[in-house]
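What follows is a structure written as structure tokens; I'll ask about it next.
Chain nomenclature is as follows: A, B and C, assigned in order of appearance, with residue numbering initiated at 1 for each chain independently.
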Amino acid sequence: MSTHVVVLAAGQGKRMFSDLPKVAHPVAGRPMVGWVLDTVEPLKPVSTVVVVGHGADHVLQILPEGAVSALQTEQLGTGHATSVGLAAIEDIADDDVVVVLYGDTPLLTTGLVERLASLEPSEVGRLVTTTLEDPTGYGRILRADNGDVVGVVEEGDCTDEQRKIGEVNAGFYAIRARPLLTALAGLTADNAQGEYYLTDVVGILSAGGDKLVAVNASPEEVSGINSQDQLADARKVIQRRVNQRLLESGVSMLDPDRTYIDDTVEVAPGVVIYPGVHLEGSTRIGAGSRIGPDVYAKDTVVGEGNIIWYAVMRSAVIEDGCEVGPYASLRPGTVLKTGSKVGTFVETKNAVLGEGAKASHQAYLGDVTIGARTNIGAGAITVNYDGTSKNRTEIGEDTFIGSDSMLVAPLTIGDRAYTGAGSVITEDVPDDALAIERSEQKLIPDYSERRRARKARLDAED
Amino acid sequence: MSTHVVVLAAGQGKRMFSDLPKVAHPVAGRPMVGWVLDTVEPLKPVSTVVVVGHGADHVLQILPEGAVSALQTEQLGTGHATSVGLAAIEDIADDDVVVVLYGDTPLLTTGLVERLASLEPSEVGRLVTTTLEDPTGYGRILRADNGDVVGVVEEGDCTDEQRKIGEVNAGFYAIRARPLLTALAGLTADNAQGEYYLTDVVGILSAGGDKLVAVNASPEEVSGINSQDQLADARKVIQRRVNQRLLESGVSMLDPDRTYIDDTVEVAPGVVIYPGVHLEGSTRIGAGSRIGPDVYAKDTVVGEGNIIWYAVMRSAVIEDGCEVGPYASLRPGTVLKTGSKVGTFVETKNAVLGEGAKASHQAYLGDVTIGARTNIGAGAITVNYDGTSKNRTEIGEDTFIGSDSMLVAPLTIGDRAYTGAGSVITEDVPDDALAIERSEQKLIPDYSERRRARKARLDAED
Amino acid sequence: MSTHVVVLAAGQGKRMFSDLPKVAHPVAGRPMVGWVLDTVEPLKPVSTVVVVGHGADHVLQILPEGAVSALQTEQLGTGHATSVGLAAIEDIADDDVVVVLYGDTPLLTTGLVERLASLEPSEVGRLVTTTLEDPTGYGRILRADNGDVVGVVEEGDCTDEQRKIGEVNAGFYAIRARPLLTALAGLTADNAQGEYYLTDVVGILSAGGDKLVAVNASPEEVSGINSQDQLADARKVIQRRVNQRLLESGVSMLDPDRTYIDDTVEVAPGVVIYPGVHLEGSTRIGAGSRIGPDVYAKDTVVGEGNIIWYAVMRSAVIEDGCEVGPYASLRPGTVLKTGSKVGTFVETKNAVLGEGAKASHQAYLGDVTIGARTNIGAGAITVNYDGTSKNRTEIGEDTFIGSDSMLVAPLTIGDRAYTGAGSVITEDVPDDALAIERSEQKLIPDYSERRRARKARLDAED
């Protein structure tokens, strides 16, 4: 018996008020539909088809590599979408199990999908139910005295007694291929919306004497996301799951409720994370590093024993034992080699700092390679842009760049060289040399007295 | 039948440990008493009087325009305060309903006030009750077997049996004018505090055969704020209400529990807000803008499609498609025209950036107008203050201000002009010209060797 | 009857994945074991011994001054550790009460320890119990019909019926010295781990007819911290306790759940704290100061009426009425005298700002003394490091340091002096003088046209 999965992900999600297709909304670094696909992976289904519609181009881009998709060109309802999905499955046996899920239920768990899909040989199918305090609008589950599910009755068809039933159809199914296909073929669009509803399959199967077995789930697990407040709630639940996994693996967080880590991020045991930290994308943090407060890191690799706080880092690489911040911005192409430092109000871009190199204060380092142990003075700037093109600066080892030095690229400065404070360096500096660009300091004595006098004169003229 | 509202807001709130009068404490951008006044507006009362006392000058300033106030010059209790309020109502009929509320209950809802004020023709008045786990200290509600309220008994007068009653008098009333005035006239100050208690009105009315109808409310809704921990709790509840309203309207928040938005702020559907964002005062955010993490904005207008993160903005205007941050400070008078950028470690004040103008790094831009597409180099500074007065800088379009250029105001720089890196510009620069202030770069070869030698010599002398 | 306390703090805490010994992990500014020691202080025990083992060197350093410790050189179980602790108590009477606690239960309260230690004359000892939903793994409490504790039965020895008992032994004891010593002497290591278990003392005493009296506690209070997720939970509980104490004392917090204050910090009533604030170590904040959003302060003294936001401060002193931030870093040795200001993108270190002195923008002030009312221009830098040593700058009163002035230390600038924008100042400046280092500004007309032409030529050559 093989399992096939159809994930319905064609909806627009108007109530999201967003240009993103609904199932593409990110939750802890994965699109909603990605979370759903993750839950089915352990079942090793022979095929998994994602039915796309609204925003199909966008959704196709975010699907995992190798995912099969089927395009529902018209929005004709969940029954129709399921048929579209099934049509994309090449090899399916009558007894195979088709699991139908939704792309907007990121809180789904593998445990529930496994319970849903584990049909006994005698069973035609299963459906997921959940029990709501206010079941208004949902199809109620009718059970016989022995607990068997004997039907699902829609809101509109409920007797007053049935309307009080709290157990409802969550809409997730696992049904054998043959009866499912037959039932789908029997659907009609005789309803207000003119759509083919997957839920009607239950009635068709029932009418044919085929009962579905109910699998009860918590409302949280099966809740679909249709609005920004539901999305915010789901994010909170999933972020808690991600953080709990990291805490149990030995990551220390001062306040897990204020720690935002994508599920795609790797954090080593022994890392200490302060509040207000965002780790996104392919970021990795090595053992013994201390991150935060208030750090944003995207696609950034951080080695061991670093201290990083109040910093923004994008596509940067930080080796071991470095210091970053407070108040630093590392832009793409930044590489901090072991023991180097990017301090306060320093920005880097396409910048390699050699081992033990330091830029402690207010420097702008763009398109530059800096040798080991070189010190960059406060306020030094690589003048990498001349208004037309970007140029590189090369700085050697054990060199001392004076405060407020302007390094006008293209420029090469040697090893053990010096630049004077406030100098504009436009010519290359050889090894061991001091380069300086400066006039003589002049003194105008009693200037404050003259200023006062001038001001008094000007005021008098007014 | 007309409705009049008296809001008692004269208390000092000693336990707040604050110079602010208690009812003036802000909650999500409105003073407490403002939230109370908001709840009564939908009832369209013919008069609303706020009774002020402690800190009256301050409270009067924060009342909405047109609000009527009455000054309670002596603190003689809630009954006296109510009389003071009623005296300020010019036209009142015997059958009119007087609603008495408090300025320190910001969690009050319009729903409750409506229930309170909706007297049946047969009713003399209503009072709000709530049920507490620990009712100690509150007047207990006595009910007949049929549920009718037959009295309120104060803690001190309770039998042991009555002391177990959890339903208590919340102190909010809606009573017809004539019986209320009569009862108030009958109050005495025969108690430990020597005050006239509004609550005694219930007993006086009861004694005259006039029963009040109870309206039950949740303890949260009627809780008065008397301490900083109660204020913090109230802020949490109200911030959740404000954020829930925004989420439902289509605003996306990654973590609503760390998003601080005044009720006075407008955020368009489709805006994405990261954690650690504070939006205050008259701030407005346009569609498609992404705000945060860690942004503070007060009285700032943000257009559409902007990306703003790690920034502080006060009384600024940002048009569309701009980038701000990470780490930027926009002070009052900043205008960013469409497509302009204020980047990392840049501060602006009274600064207009033209369309597509960019100041990407470490610039200070004060009292300046910058033309379209002009690029401000890293570390450039408008030297707007000479120790005596502030002066303006005018910069044209398509101009290139070199890194670390000091623009000594007053100064005018033309279109398509250039300034050299590290130059101090004191004279105007015409269109198309390059202005440069720089000496010649000198090289001192083998400087590092000489330094070493000198240091060795100095060390030897020690 | 005297009380002695033995705190077992020898464990390693492998599941913490940390180099820190388990009991040394900080919670709101105190190590876990410090919180436990705090709870016993009000009992005024005649002796308190901390039994240390793993990481003993580190743990000894963090114990409060005067604390007695005993080294358990081999990890032979809690019974052995208790014996080691008792051996360090010099004077102990047979009837004295020995309280045995653990170094990894920071949520313990004084109330519980008092209840535990308050033995009636007739009692041999007491033990703490707690009731768990899932008691698996814990020793169950057996009670007679009258409620008397008649034994503790370990998981492995439980009947099916006993296994359902939810009340378990929390492991905390208060036992008279003589019976405790006798029972400890009778312990054996006949178990899988080959350790001496303190819990076996209960059985030995029972066998001798000595029943212990149970003191029931909440699971939270007695929970030991064995993993990072438990540590995170404990931090949340304790931070809430600390913040609640501050709120009740009159400190205003906009969001106590995002306010991180060490228990060692003092905050005056009337202080207003915004979210994202971390106050650590010996930090003190004076009345009327506004702190945050997003401030980190360690060992920093802040006076009254200051406004500090978006700032990092370490070992700094701020007098009254100062402004700091947004985006400022105050490093050790910073002193801001009354009414001074450190503004945006300014960093200070070993820097004294006189009364009313201002550094509003992008300055680096290291190793400097600044006189009263002196103004430091944007981008000014004290060039305090020459690549070999750090040197000081002295600046007088009412002086005006021009924008981007480089003050090359050692350097003295007098009172009422001026430095020109962009000047590198290497020589001392006397009182009232203007010091300037600058070339003449040159203009190259029609530069933009020439650039265009040159670029066209170069492009043509390519």
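We take it that contacts are C-beta pairs under 8 Å (C-beta built on N, C-alpha and C of every residue); 3 or more make two chains touch, one makes a residue touch a chain.
Remember, predicted model here, so these are calculated numbers, not experimental data.
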On Cα atoms, by how many degrees is subunit A rotated relative to subunit B, nearest 5?
120
Interface residue identity across copies subunit A, subunit C - same or different by half:
different
Just curious, how far off is subunit C from subunit A if you go by their C-alpha centres, in Å?
32
Residue numbers in subunit B touching two or more further chains are 257-258, 276, 294, 327, 345, 362, 379, 387, 404, 418, 422, 438-439, 451
Spell out the part of subunit B that touches subunit C in their complex, as residue ranges.
15-19, 227-229, 231-232, 235-236, 257-258, 260, 276, 278, 294, 296, 312, 327, 329, 345, 347, 362, 364, 379, 381, 383, 385, 387, 404, 406, 408, 416-418, 422-427, 429-430, 432-439, 451, 455
Of subunit B, residues touching subunit A in the complex
244, 247-258, 269-270, 274-276, 288, 293-294, 309-310, 326-327, 344-345, 361-362, 375, 377-379, 387-388, 400, 402-404, 418, 420-422, 438-449, 451
